[in-house]
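The next part holds the structures, each set out as structure tokens.
Okay, so subunit A shows up in both of these, paired with subunit B first and subunit C after.
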Partner chain A sequence: MSSATAPEAGQGVAAPAAAPGPAGPRPASKKVKPLSKRQRPLWMLIPGGVLMTFIIVIPFLIGVWISLTDLDQYTLRRWLSAPFVGLANYVESLSAGLPAAIWISLSFAIISTIVTVPIGVAAAIVTQNKYKGRALIRAIFLIPYVLPSFVVATVWRTMLQPDGIVNILLNKAGIGDQLWLSGSTAYWTLILVEIWAAWPFIYLLALSGLQSVDSEVHEASALDGASWWPKLRYIVLPYLKGPLALAFLLATLNHINNFTLPFVLFGAPAPESVNVMPMIVYVTSFQSLRFGLSAAMAIVSLIIIAIPLFIYLRAVRLDVHEEGGK
Partner chain B sequence: MTTATPTAAAATGRPRKGRAGSEEAHRLMPTPLLAVLTTLLCLMVLIPVAYIVLASLNSDAGVASGEFWPSSFSAQSYTLIWSTVGLSKALVNSLIVAGAVAIASALLAVPTAYVLVRYAFRGRVTILRGLLGFQSIPGTLMLLPVFVLFSSLGSTLGIAIIGTLWGLFIAYLTFAMPFSTWVMVTYLRGLPRELEEAARIDGASNVQILARIIFPLSGPAIVVSGIFAFLLGWNDVLFASVMTRPDTHTAAVALQVFGASMEGGAIPVYSQMMAAALVCAAPVVILYFVFQRYLVGGLTAGSVK
Partner chain C sequence: MVHTTMRSVAALGSVGLVAVALAACSSSGGTSSGGDTNAGAGKTLNVYIGNNSQYPTEQKAWFESTSAKFKAQTGATVTWETFASANDELTKIQTSVVSGQGPDVYSLGTTFTPTAYGTGAFVKLTDKEWTALGGKEKFVPATLGISGPDPANLVGIPFNSRPFVMAYNKDLLKAAGIDKPATTWDELGQQAKTLTKGDVFGLAIAYKDGFDPWKFAWGMSITAGNPLIDGKTAKLDDPTTKKAYDTYFGWLTRDKAVDPASIGWSNAQALAAFSQGKAAYFPMTTYTSAPTLDKSAIKDKYAYALLPTVPPGATSLPSGGKDAASILSGDNVVVADYSQNKDLAFQFVKMLTDPAIQDEYFKIFGNLPVNAQSAAALKSDPKLAVFTEASAKSVATPFTGAWGDTQVALTNVVVQSIPDLSKGSVSDADLTARLATAQKAAQSAVDRAK
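After this line comes the complex of A and B, so read on.
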């Protein structure tokens, strides 16, 4: 545009081919598009790479090794020479409550996701149009998401105590109180608190999906005189399919991996009905001190998580190739 | 180039005109339904939050007798928690660890992401996919091996790692790195390459390009990845519950220990629980609302909380 910026831009984009000047020795044929292969400062990957190898890859291998040994508190100091037992831990985990834990985790995660999706979508729809005070409403919707999980669990644990506010209000309403934090009710308590805390995640992803609906689409459907429900159902919601599929997958993974909520809400060991996979792995390691068994359980839960994870990675791979994809 | 410009101009020009024209066309729902839904959602969030705040401003006896609205307001609970929960030491520990993780991971992520975005090499796509995959590895899987590794390394080298803030720092840093790096990757991918090319022609080295061009341009992404790393450290209970001693407890563990221990007591200290929980949440809430406009975009970019 102006004469000051032109030379700079020219050199950057097109000049190498034309200018044999001081930059001559550099091979000039390279265009901007392909990734450079010269002067690769690959050493810059070392700090992050070493850290991640040291704390993720090596421990993962150690975890696999431990799962094949009978490691307990007596052999912990010499874990490399712990007695090798092959797949015995995996066999034992089947009778040590792991199948129940898998079932609890999966059903808890899927129920939580199924309930949070409509709530999140509704919240995104009601904050999509501009109105006075919308910023405040959006801030309120983010509160459960912003609060740390351990804080959410602590306050709900306090409110759901046998003599806590929830039971007091229920008694006043004549419904009668509940033991929320023990027995089989605990399972539904876990789901309720998880829903309360997790729906804004869906809301955020749905909101970004709604914003991708073109203005023309709205105008065209207004011209056609479409009333709100058909428009929402057949025109706007299809735009949300992609974002919601991603949200569904990620939210379910988050629910399955959630350790903080059951741990703080119920303490360890947790009631039988909320013994989710992270809890059973934790308790087997750090309370029963059956390290080998616990590692085997952890590997099995990783395999279960790997299925949705694999779908996710396949879906996101497209974004890796697309330039500038969000 | 020439064919692309007119369509781009048209695409950006037209919707703007339309948007100003017809608010009505964008309406997704009749106003009464919208109002009902908004109210319901707000009540769902605000009733528990209001109770938490009110209970924290009540006395322990008042909360125990079942008051929703305090008969007398006092900030007593907020002064008591510093001695009963041991919250000040724990908050300082949390701030040190989470703050250090935030700074270190944001700084480490920039060079890593720069190489991943700008240079082709064998294994690049594998690393990118690994960055996403690592974010979903359950912490419970890694806790035991990391614990074993740290304790045997500690006894081999004759230093304590378990129980110190260093151990926590290294663990959190590693779990924060994949996310921070991914945020930087998505950001750097959108940066134009011309500035770097120009600097290279002027004879700048890789390190100079990184320090003088990439870092200064990456401000927003550094903020986002730093904050998420901070949250990861601040919100963790799993590692902190196993790898800290009472004097290195983080806020999350101190609160959890207090909650578990108070339940045996004769008089429930629910008001103090609520006050302590709110104090633990305060730094996070402040961070969110100060940096809100960076964070909402970052959420959808990196996606795993």
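After this line comes the complex of A and C, so read on.
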């Protein structure tokens, strides 16, 4: 996979769209590239480039520099002259709970994504064909997505209290109550609430993928007498591959990114099982006031996550241009 | 992920970047003229103060009336900015400290004063400043206990006091044949057991609160002679602290004198249970609970008493133990070192701490005055006597920049013990291990303290 050559990977992505026959235009577009390269008005990138430099590159470099200093509450006032400590913060971050936090973040994000993908796809398929009330169902499906994370977390926290509505119902059903917001169960609570709030994102992307299936393809398969399963397996799902790969990546990043949900659900200090990466960086920065250490934590996490992410991007070819054709 | 961390790193970096930009704009130091009546004309004083969620409209009105008074006095305009949480305030202090620009006057929670002191961003009070404030002697002496590490290095000017006490249900105690509230922690535990009947529990405890747990741990430890941080040594693994946690957990696990649901409660939820008559005692509350209780089902049945000052396992204060009824709690105000209007700021703080505003502030918000004259006037009110006594018997938490981390570490012991509490017991080994983790965190914070 890692050594995927361009033609192989190209085939992989082109395959779903094989029906319309997109393989043709590719060599032609390659030929004109040198010409267009020469004529590209690169200067038009300057405004964006300047903006990127100021809002990403320079702060990032300052962040790297901060990670090499002992910047804390005592040195904050003269932050430019904070003592340089080399890699000490990086070494400390490894013993300050960062590896566990990365593991929790990654596993939580991947599990959440894996569960939300089938839910989102199923919801998209259910609302694909026209029927009475479809608009209403589509609107209802979007409710978890449009609610602010803070609201979602507050409502769930209230429901999951030891004497909250969920435990009351579980007791009535004879199942017995659970300690949702503490201990190791907190991890599964976080995943549960995240799934509840995040599946409509997959649903939206899957729906957009479904709508890109040409009606001729549906007609052709109907004429050929394809039943629903072959139609789903060989026509619809291949069309969804691209949007779902993107959805998988973005959703996983969103899960890892989510600070509001664990913070509002569990508070700080949080149970150890939900000390996700954004929480540990936040607590180190804004409760312990160790900015140097937290910057190092952020950068270590960045590097550790960037490696598999890069491999994944290469594998699903999201970092290159779409092939020719539609 | 990359986005997350990129963003985190970029956010940290942005603070620095903004600082460079703002530092370029702000000129350095220099106190303004000012001091006399119209010196403030045309000037604006920025004040940063906690948002009062209990009395939002009253607070707005108070802002306006106080601004008007100050304008009449000095000609200066006061602009108020509020913060909703300690984290908001911290972020504001951070950005202001880094950029050298921001509010002139900050109101800080007392236990946050050491952290603010650590930044070195606030004016150290010399004789000149005390004179401008109307003299150090105008304050209740105990309230100055958390203004700085030593009398020569004070930054915090006391503004109001909120000592902790316990509320109790007179009827429930009477029905159980208890004629006066407990004065030792053991007695409280015993009484709580007696008072627990059916769905009424002896104690309302907020195990899930972000602050309550460490206050119990501190209160029981300090009365046993352990201040938790002694110079450069953290003492969270001391037997006195372990005994404190054991007692605190034991009310639920051994005595069954606490509602099992309280493992999910915040302080407000515990107050709600007490106000519904579902608990006989509500330890760890302040006078700010009075408005809620006065509107509740038990409005004529409750009273306040001092928290026990005899540590668990003892019948009298042991030698070395401190007779601490409460942490030194309330608000201090500090004047930013970067302020261009320092003289005006001190004039303003003088006005806040003079009897007129102190009396008014107590009447509106229920925060006790720190002005000695105003405080003395309250002593004659029997209902308030317990608060003035608690205020006088308040002891400051250790004045170190490491206190923030220590507080979190103490609370974390309870956070991580909640699953065990729900199962009915916290084993000795688990408690020891959690205290060892807390000790490590606190000691490492103490070691870094400068």
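Keep in mind that, in the parts below, the second predicted complex is superposed on the first by the 245 of 326 C-alpha atoms of A that agree within 3 Å, B and C clash if a C-alpha of one lies under 4 Å from a C-alpha of the other, contacts with A are read in each partner's own complex, and residues count from 1 in each chain.
Note that in this section contacts are C-beta pairs under 8 Å (C-beta built on N, C-alpha and C of every residue); 3 or more make two chains touch, one makes a residue touch a chain.
Keep in mind the model is a prediction, meaning the values are calculated, not measured.
Of the two partners subunit B and subunit C, more residues of subunit A are touched by B. Of the two partner chains placed by the overlay, only subunit B lies in contact with A:Gln128; subunit C stays clear of it. With both structures placed on the common chain, the touch criterion links A:Ile307 to neither subunit B nor subunit C. In the superposed pair of complexes, A:Asp72 makes contact with subunit C only, with no contact to subunit B. Of the two partner chains placed around the shared chain by superposition, subunit B and subunit C are both touched by A:Val281.
Judged by the touch definition given at the top, the superposed model places A:Ser184 against subunit C, while subunit B stays out of reach. Look at A:Met52: by the touch rule set out above, it reaches subunit B but stays clear of subunit C.
In the superposition on chain A, contact of A:Ala173 is made with neither subunit B nor subunit C.
Once the two complexes are overlaid on chain A, the subunit A residues touched by subunit B in the first and by subunit C in the second are 54-56, 58-60, 62-63, 66, 76-77, 79, 161, 163-164, 253, 256-257, 267, 277-278, 281, 285-286, 291, 294-295, 298-299, 301-302, 305, 309. The residues of subunit A lying in touch with subunit B in their complex are 8-9, 11-13, 15-16, 23, 26, 32, 34-37, 39-42, 44-45, 47-49, 51-52, 54-56, 58-60, 62-63, 66, 76-77, 79, 119, 122-123, 125-130, 137, 139-151, 154-159, 161, 163-165, 168-169, 196, 201, 204-205, 208, 214-216, 218-219, 221-222, 228, 231-232, 236, 246, 250, 253-254, 256-257, 259-260, 263-264, 267, 277-278, 281-282, 285-286, 291, 294-295, 298-299, 301-302, 305, 309, 312-313, 316-317, 320, 323-326. Touching subunit C in their complex are the following residues of subunit A: 54-56, 58-67, 72-74, 76-77, 79, 105-106, 109, 161-164, 179, 181-185, 252-253, 256-257, 267-272, 277-278, 281, 283, 285-289, 291, 294-295, 298-299, 301-302, 305-306, 309.
The touching residues of subunit C, when paired with subunit A in their complex, are 1-17, 19, 87, 90-91, 94, 97-98, 115, 118-121, 208, 210, 260-261, 263-264, 401, 404-405, 408, 411-412, 415-416, 418-419, 422, 445, 448-450. Contact residues on subunit B toward subunit A in their complex (touch as defined above): 14-15, 18-19, 22-30, 34, 37-38, 41-42, 44-46, 48-49, 51-52, 55, 63-64, 66, 68, 108-109, 111-112, 114-116, 118-121, 125, 127-129, 132-134, 136-146, 148-149, 151-152, 155, 170-171, 173-175, 177-178, 181, 186, 189-190, 193-195, 197-198, 200-201, 206-207, 210, 231, 234-238, 241-242, 252, 255-256, 259-260, 263, 268, 270, 273-274, 276-278, 280-281, 284-285, 288-289, 292, 296, 299-301, 303-305.
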